[in-house]
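Shared between the two complexes below is chain A, which has chain B as its partner in the first and chain C in the second.
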Partner chain A sequence: MVDKEDLSFKVSQITGVNIRECYQCGKCTAGCPVGERMDLRPSVIMRMLQSEDAALEEEILRSKSIWLCLTCETCYSRCPMELDIPKVFDYLRGKSYSEGKVNSESRDIVSFHKSFLNAVERNGRLHEMSLILDYKIHTWNLFQDVVLAPEMYSKGKLSILPERIKDRKGLARLFKYQFKKRKS
Partner chain B sequence: MSKIGVFICHCGENINATVDCARVAKTAGELEGVEYSIDYKYMCSDPGQTLIKQAIKEKGLTGVVVGSCSPRMHEPTFRKACQEAGLNPFMCEMANLREHCSWVHDKNEATTQKAIDLVRTLVEKVKLNKPLYSIKVPVTKTALVIGGGIAGIQASLDIANAGHQVILVEKDPSIGGHMSQLSETFPTLDCSQCILTPRMVEVAQHPNIKLLTYAELEKLEGSIGNFKATIRKKAKSIDENLCNGCGTCTTKCPTKKIPSEFNTGLGTRTAIYVPFPQAVPNKPVIDKENCSYYQKGKCKVCEKVCPTGAIRFDQEDELVEIEVGAVVIATGFNIMQPSEFPEYGYGKYKDVITGLQFERLASASGPTLGEIRRPSDGKIPEKIVFVACAGSRDPAKGIPYCSKICCMYTAKHAMLYQHKVHHGKSYIFYMDIRAAGKNYEEFVRRAIVDDEVNYIRGRVSKIYEENGKLIVRGVDTLLNAKPVEIEADMVVLASAAIANPGAEELAQKMHVSYDSYHFFSEAHPKLKPVETNTAGIFLAGACQAPKDIPETVSQASGAASKAIILFSKDELSRDPLIAVVNRSPAPVFSTCVGCFMCASACPYQAIGEELITNRQGKVIKKVAKVNPGLCQGCGTCVAFCRSKSIDIQGYSNEQMCAEVVALLNND
Partner chain C sequence: MKIGFYPGCSLTGSSREYNESLLAIAKGAGVELCEIEDWSCCGATAAHNLNKELSLSLPARNLALAELENMDELVVPCAACFNRLVMTQHELSEKEDLKKQVSDKLQMPLKNNIKIVNVLQFLEEHIVPRLDQLVKSPLTIDVACYYGCLLVRPQKVMKNERFEDPMLMDVIMQKLGANAIDWPFKTECCGAGFSVSKTEIVGELSGKIVRNATDRGAKAIVVACPMCHSNLDMRRPAINTYLNMKMDIPVIYITQAIALAMGLTPRQAGIQRHFVPVNLTVNR
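Up next, the complex of A and B:
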């Protein structure tokens, strides 16, 4: 119908969330646990998408907010229009990452996501120890939260060796399929 | 010896918060002639009224004073209670302790003292009250409906279908009003003409409705049940009985470039014209101001081509007098011309139009036959901007109120545009979206989500032309007031709904009140929404306040039902508070000397003469006589009477003096 290159159209095509349905009540932002720390709050991002303004779309992809989102889904569960905002953010993160537009202050968060995926790819389960080591190597935050380690270890929260799932081949196929899809 | 009962009402906290009601009752009880005195929280409630009734019966009261709210509020209530207890209702008086005392003063000793004084004066008055009996007047079972828009049409049909006669007066050559100009109607998008024109025809064909188009109310006299209206039938310059509506005259008329009122100036009409093809009646009128014959004395083409010889250049305005029992005012509203906003460029740029003009563009019967084409060059606009609140909610321009219909019609306009121009983009600048009506919110959501209308919250500050585009500047307040600039091809201003230009004058003619915006005032904002403060005159539609079609139709039916209720009785009882000329035993007969100063002073022509004859039939004396059906009890005659022979019943000079003396004897 009109210019279909805009971000909100792509969002609705991929996530099924119709951005136009948002009527700016602000309930998502009001309930967001990290909303206070966001540079662009969830309801503002929705409005920016509605405006179909390329400059604002760029601003969204370069924002910290999309990386601060915890995907806790509080917004989604409370949204009167039942808009799946976490899903929209998920898409925005993917697009921001693949276009190399990740906010410089959010790189650590991206590293954490990577380390998490690496750990899962290796074992099929999360292994905290390797996740932490991987994260620290990549971000050089070597001493972050180190003091917590002894207590966590004593309570059995940190195991030296990972637990692995049986069907590791299937897991490998899954990862291969996903990354192939993303590249195409 | 009078036995008066005094009943002091607390009105919840309204009176008791500032006036010591118990003390007022106690002091009043000590007055001479007061038999019984009591205070109570709500005297108008059932237990309160029972209190009055019991006291009348048990104490044998001869008069009652209720110290409470305004008589406008509850005088009928308390008089009825007295009547039920066997006391003449006019032996009951009210002391206004609320509006005249507690609401306007602080809590102190003086306030309570004033309340006591108010009660005391009324006690003195009641001592002199005489039983009065209401006057019966016949009801003329014909209604006058002023205005032939959807409100007037609905009210006329309802009254006529109830079996009463209706005279429908419309100032334009055709009935239909604003609704006939609309394209589609929210929230269903059904075509306005399709639902309206059958009703217009029904009005024209109804045996109980007499339609007077091109006519205006000149004068209204009388009162509820018996009004006398003078209608000016403006000269149409045609003989309606001969004209068969063939339309030859309108096609042949050489003066063709007159802006059409019906098409809001977007089309033209001839000097002899029918406003629109579906007009009722479908017979032309000559617009004298634009007709060459009337202006220059030459032409008469219409007369030559008329196959029935119906043209009458010598026709003059005609005044007709009609008698009616009730009046329904349904004169509608007008659209503010947004030229008051130079920043919007209306009048400067052809493609900045009003919402009503857009209705004509979108209407199948409009100048573009329903295609959205901009007025300047007839191109289809690719980008269109709608500006809501272009006039409404703007105290600086004297319109602080919300016009109520704009949110919905702007959503509808944008929707119609998207339906007709698929590749187009539409933007609406708004402040709030007020969609409070059945299916209204859903309608607006549909415009936003399904028809992809872009809503931008913020007011437009300026519209100017640049390279053939209209640059609309505003901000998006939902994006931290980000400046927004849209290069539009056309701009539609949702200008404010205002009262009709002649509303004030009309209200004064009919003695109905109007608000500061010249909309007619209802008698009570909640409980009497169709009545005016003049009995027998009712309101329907947007002449009272801006409203949409469903609301207008509901109110019109409400007004009609009020008229029908009035017509359900053969006679009305009126308060007997009218002037009377005194009569006394022979040989004086009356102190009236027959000077008839009163008759010349009476604004209602209610005073005639009476011949007093002896037994042989010889006239002994000529005196004034008041016609109780016409007298409104204004008292002008009383002031004029030199021999003090005329007095108002219930408000006699004697009673007034007693009140004043009571006030002066303050000890």
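Up next, the complex of A and C:
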């Protein structure tokens, strides 16, 4: 009997990807540009989901792999069963983030995404300088790229003032009722 | 026919030269691009990774604005923005109830049927047919056309038959007089959004691309994506660290290549904004 709380059941239900169709050919892992750096490789994650073992599912949500995925879609384009693995990873990331299970080594990646959304929420468009400052403050990577910024500025690639959209109200409405904001 | 234009945030900042060169060639070819009034960010990888709802509503806002302005098609030069807009349109076209939710939240009608085109599709349709007349000073160099991920994948949505070996950019470069080399890294990932948070991964992935293009004799890498450009050009120090040698190969946008072949000055093409110096006068 299928347990409705089971992660693999939910993954299939929400993403429409039938995990059981994976027959472990390993093409996704072989072509993955960050496969060598992953703690759990894509094909291994698919197998772990098939196991329907709660402990293994927990391990996936706490893995580095789901955050290392670049969504380059190479796995999906080469899968003989046409399984949308990036979509499965999207779901796993959302769940890992909302349940506060982000791997400690992946926090910089999540911080960057958060700083990015903060910058967009403020102005409606991304202001690269604000993004970098927000990221530095949240991660304490204060000296990263200090050489790059002045050179970007001199080449006209970095503006001091942000561009702001007019429809601020409409924008604010989109940012309301989203995932609970979490402290990293 | 009204051709809409969604620049996206990168084109107003770190990839300003992509915007400048695209607008310059469109003007030169007599094609008018109408920028969407009050466009906003597409949410990029950040919304896609952290917030499903925003990853749909942010792109949809721009689609709805383009519809309000009666645009027949929408040109999206940034490959990442293009991917987010197309994927949103695709997902909302499959789920009517979700489309309604998004439209309600936007408080804007959303037909969700505008034709979205990336820069290569735009060039193929509007610029390539006029190239014979437009090309004034052919580029006589060997180039490596680099497509990256988002111009070819996901294959199901992009419907690109040659997703491992696309040729669109190669064909355009040949028409400009260049020789597009055959090489295996055309659609490998450059490291995308890890430029800041995992720079060493970008150094490795982009390093392999730059090394292979150089080894195969290319004198320039041609791209059509701001993320690919900034990783291959601006992140050259990280690439050099990974490869343990200094790589000199320049990286140009396809729109800059066309601008130069049309006889526009390097400054009009925005060449001076690059980190790796560009010298395309080296003849074969």
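To be clear about the criterion, the second predicted complex is superposed on the first by the 175 of 184 C-alpha atoms of A that agree within 3 Å, B and C clash if a C-alpha of one lies under 4 Å from a C-alpha of the other, contacts with A are read in each partner's own complex, and residues count from 1 in each chain.
Here is the rule we use: contacts are C-beta pairs under 8 Å (C-beta built on N, C-alpha and C of every residue); 3 or more make two chains touch, one makes a residue touch a chain.
Every value quoted in this text rests on a predicted model; they were computed, and no experiment measured them.
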Simultaneous placement of chain C and chain B on chain A, clash or fit: fit
Included angle at chain A between vectors to chain C and chain B, based on C-alpha centres and rounded to the nearest 10 degrees: 90
Residue contacts with chain A in the superposition, chain B compared against chain C: C
First (chain B), second (chain C), both or neither touched by A:F9: neither
Touching partner for A:E21 - first (chain B), second (chain C), both, neither: first
Partner chain in contact with A:S51 - chain B first, chain C second, else both or neither: first
Least C-alpha distance (whole Å) that remains between chain C and chain B when both complexes are overlaid: 21
Chain C-contacting residues of chain A that also contact chain B: none
Complex contact set, residues of chain A against chain C: 33-34, 37, 68, 70-74, 76-77, 82, 84, 86, 90, 93-94, 97, 108-114, 116-117, 120, 124-128, 132, 135, 144-145, 148, 151-152, 155-159, 163, 165-167, 170-171, 173-175, 177-179
Parts of chain C lying in touch with chain A, wherever the complex brings them together: 9-10, 12-16, 38-41, 43-54, 57-58, 61, 105-107, 149, 153-156, 163-164, 187-189, 191-194, 196-199, 201, 205, 234, 272-275
Contact set on chain A toward chain B in their complex: 1-2, 18, 20-21, 23-24, 44, 47-48, 50-52, 56
Residues of chain B that touch chain A when the two form their complex: 422-423, 425, 445, 448-449, 452, 454, 457, 476, 478-480, 482
